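Next come two complexes built around chain A: one with chain B, the other with chain C.
Take a look at the complex of A and B:
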């Protein structure tokens, strides 16, 4: 009895495993351009990974529905080959090798997070195959002379530039600044860049404080902010940290005139968790759903936002838009190159000047997108772009916690 | 020559040519896959020395991997020395660290030892994240190997293979030595071992240092291959768990068990994640659980007992009272 049962189980497993092979081989018949992507389906980065996959898939479908990519008079369909990198850089770079050696993909789309992008981009460099990524902004990716990686997130060091420029328009303009940052690559670059910019604008930095990634206790830092009497507080960290910081600032009644954060305010989770306490906090983004750029695959940004929401049932943020633009840049560059040759496409990407729903995409010499971030503010539980060309004026100074209801 | 030695020589005679010829038949990815498999075989075998033979379940062996990787990065990138120097320094550094940390930590037993080693690895990660010379949490680049692509794959594969062979040979000779018997005696009953005159502190520390040495060498090659490392990725507890699962899956306290475990776990894991993009972790977990239930002495037991029947599985279940 037992034997039969076991044999059936094995047979069933075998069918389940090999059954999946069939349709894949059949679909490869049509003329296709394969884009390879090793991205997080499982592990710590899986949530962000999904943001990229959704947008990649949507963009690829749009390209294919519109007749594909035209190379030398022939139309090619785009197809993405995905693998799960388990949020692990070693695994990810191994899978890039698999994509190039076994799946023979033509080009590469990036993973999520700078720490995974770097080893992946080194494999791309080794094979001289261009990779366009929208999930890593650290300057470290572009600092090593790698000519095969192109990024569509603006340089981390410039992230708070728009916020600082906005402060010059405020009355009275804040003069002192406290800068907090997490100790990961991206945020360290943000902080160092901001420090330079602030010095250039004559702002006085009264506190420059690093904290460990995933810190949940900001009490001592908040006490220092209070002691230093900083008029403006900028936090370069992650959603969780931004959340904790805001909650504890309220508990300790720390009310500077302006609180700005890199990650958090633009996300729906942040506003939902904090409720009314999220109001008046400033955020930055390389993109916001309220912008309206004329697009390449879609007519404009608003059309993208509408379609995206209808399809995935959540508001797109800059991750999605950046990923969507990655595919758009590939289509444009391949068509301009007029061939699938990796070197030709690489050179075409470098010369990109494309209007996309994500904004105008041009790359600097090091491969990173030229661009500027916009300032957002939460007002009445919603995010509005407030600078430059805001849909609403910024509310300043920050109403003290005690004065609120 | 006893029977066991004959089997081991036969094992080497079959496996070695197969491993040597392996890169000639595959594409670049297959070679890279093989290289990773060898890397985990080294680490599982190294874990086996302290965990399997000595009976000290280290949950922090990744610390040696991370140290090896970071020593390699710093020696090559900051001091500009060639790889072979970095490789030696990585192994030596990891072994030295094992001695320093082993002296206090090896006094603990059972769960306390496991938790202490876990803590050591986390503390080391925090240290590396904050040092200037390691470029902190941002990660550090290594110089890239300047060779044609295919040659690079051969290079890393054969270095890893050579390291594995040395690891297995060292384990083999260790087991035939006085020290090897001392380790097994410690595993079976440490108090009894001490009472018959074994210097348990010295024996345990040497075992820990050997474990650290080989794990550090694996970390060194890995870092050079990746050309970029980050504290999170080389000090993650996942790597410790992986070496432990591999050693247990293949057969703890046997020479070829961890190697078999590393190969089968890597193949199963690759196979599953190839076909199930998300659910692979679920299936993988189920397989590991089934393996522990049905073959608690590891896959190697199926070979050495030469039995593969329901009766064997049932006997295992009865013996281990599951």
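Take a look at the complex of A and C:
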């Protein structure tokens, strides 16, 4: 009896002194950098949340397969700690707090949507831990002087800039504009920015209409558009709203000369859901799969598109690419900082000048990426970049619903 | 344009009425506020979606399946779940319905993911124009016809059949009905089944018009709730009037004040109705 007790004691001491042995502990000993991420697994934003998670996971796997992040001669594996924010900003900021205080994550990856990024980034500032996010573009994220948030989407106010510039090249150029936008922070920023840009280009805004987020019925707005006889309609909303808007435009036979949308056209879901009715609709994106940049984690954009499609069985869009770039920027910045110190890494991120599959990433003083969006159009069920440097010319005007098929 | 707005409002109202009629029946007869109503609509929509996507069954044909399935499902839910607590009062059944809602929604979320899906029928956006004045979306018009048909069926069942007499008897005086030999539990289950079946029909129509996803139910429950309150309980005409009133008010309101105020308009009407006609438009003033 006494022997057993003694043996246990010795074993215990051995564990305490030298650490436990065996395969499990080998993994625990491998150095890891923990990235925390509270993002939507469920709720209204879960679809887009998945786009980010897929790309985060793919990028992290790529980093780890290639030997991890090298800091001071040692290789660290990346690991993401996820929580489900249920598409709720209040929930999300609580989870960020938990990630930082309990899970002791080293750095933060962003959630999806501006509304959720704002409270999350404020928690990051309080803990002085840098967050790189690819899912929030509202100027409000970057206007608080928060030094700990970096975003890889172009400023929301500039989203439609390329679309408006494109219209100046069309013949005859549309002169009247109806602008619809959801009442959330991102879309309000888009609308206000677009309004200013349009006025500067001499376009007449005949309808400037805000609608409640998650609106399913656009009949009254469409009736107004028809009455106002707008030549061009721009919609700043979310995928479901874009879907509803398009189908109901057809239901009510409203055919302006140009329909452009922020979120929707670039996503595979949108085209799958609408089929041929999605044709000729314009979208904007900070990135498109037809671009080709030399990359950081992967050789170039086309390699990313191919690998992504093989892995997840859908076409990547700018959400995916932006998220992929977030991880790339972390690896680059941590290696340049040469330490895991939050302040050092924060400063390294600020000085980023990195060629990624998403394009060249540099941050402005406020933390938002320098860059502009491109115009896409759905033609024959596929998305093409049409401006600037389009792979295909834009089709304009929009063929009236009645004249199709 | 005014005519078009009126038509938009009327057709939207028809859709609201179709959504609300089942909730109204269940509420009126059993005093159960079925919070899970929107989830049942969601199930109807997904049944249509899967039948269409996998088997290529036309959505209007799948109406038969969604209504039948949801009738049976509703029957079972009432018979083997809600009946156990029905005597405990409206609050307990409300909580149970809430639980059922959470269960159904999350089961749907796990099984079908949160993807937004769409029943892609060629006639989804079909329409016809009357002169240059008004464009009428055909599917919405059919939904309008369907709600009148369903309410007529409900009306006939309630007023012309023995089953209807049992339903009304249990609704008016539970104990007396039981003493007269009415199978209360069975009657309740059939009533709940009818209400949920109507939700299935609403779901099918909804899936033709709008994209669907597992979490769509909550907003629909809320709309149905407003419609039922506005219309008043106890008559098949209530949800129709309530739906049309809400649809037209929203259409004109969002035209005059802007689309953001759509929900505000609905709830303002709700509050006004509660103040001035607490039992609904048809329910009298007492």
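Definition applied: the second predicted complex is superposed on the first by the 378 of 405 C-alpha atoms of A that agree within 3 Å, B and C clash if a C-alpha of one lies under 4 Å from a C-alpha of the other, contacts with A are read in each partner's own complex, and residues count from 1 in each chain.
The rule is short, and it goes like this: a residue touches a chain if its C-beta (ideal position, glycine included) is under 8 Å from a C-beta of that chain, and two chains touch if they have at least 3 such contacts.
Bear in mind that the values here come from a model prediction, so they are computed numbers and not experimental data.
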Chain B versus chain C as contact partner of A:273, first or second or both or neither: second
Touching partner for A:250 - first (chain B), second (chain C), both, neither: second
Which of chain B and chain C A:108 touches, first, second, both or neither: neither
Contacts of A:90 with chain B and chain C, given as first, second, both or neither: first
Which of chain B and chain C A:42 touches, first, second, both or neither: both
Touched partner set for A:33, first chain B, second chain C, both or neither: neither
Partner chain(s) touched by A:184 [first = chain B, second = chain C, both, neither]: first
Set of chain A residues, in rising order, touched by both chain B and chain C: 42, 183, 212
Complex contact set, residues of chain A against chain B: 2-3, 6, 17, 20-21, 41-42, 82-84, 86, 88-90, 93-94, 97-98, 100-102, 115, 118-119, 122, 125-127, 138, 140, 144, 183-185, 188, 212-213
In the complex, chain C residues that touch chain A: 1, 4-5, 8, 11-12, 106, 109, 114-118, 120, 124-127, 129, 135, 137, 139-140, 209-211, 213, 215, 219, 250-251, 254-255, 258-260, 262-263
In the complex with chain A, residue positions of chain B that touch it: 27-30, 32-33, 36, 126, 129-130, 136-139, 141, 144, 149, 152, 222, 226-228, 230, 232-233, 236, 238, 271, 273-275, 277-278, 280-281, 310
Chain A residues within the chain C interface of the complex: 42-44, 46-47, 50, 183, 209-212, 214-217, 219-221, 223-224, 226-227, 239-240, 243-244, 247-248, 250-253, 269, 272-275, 277, 401
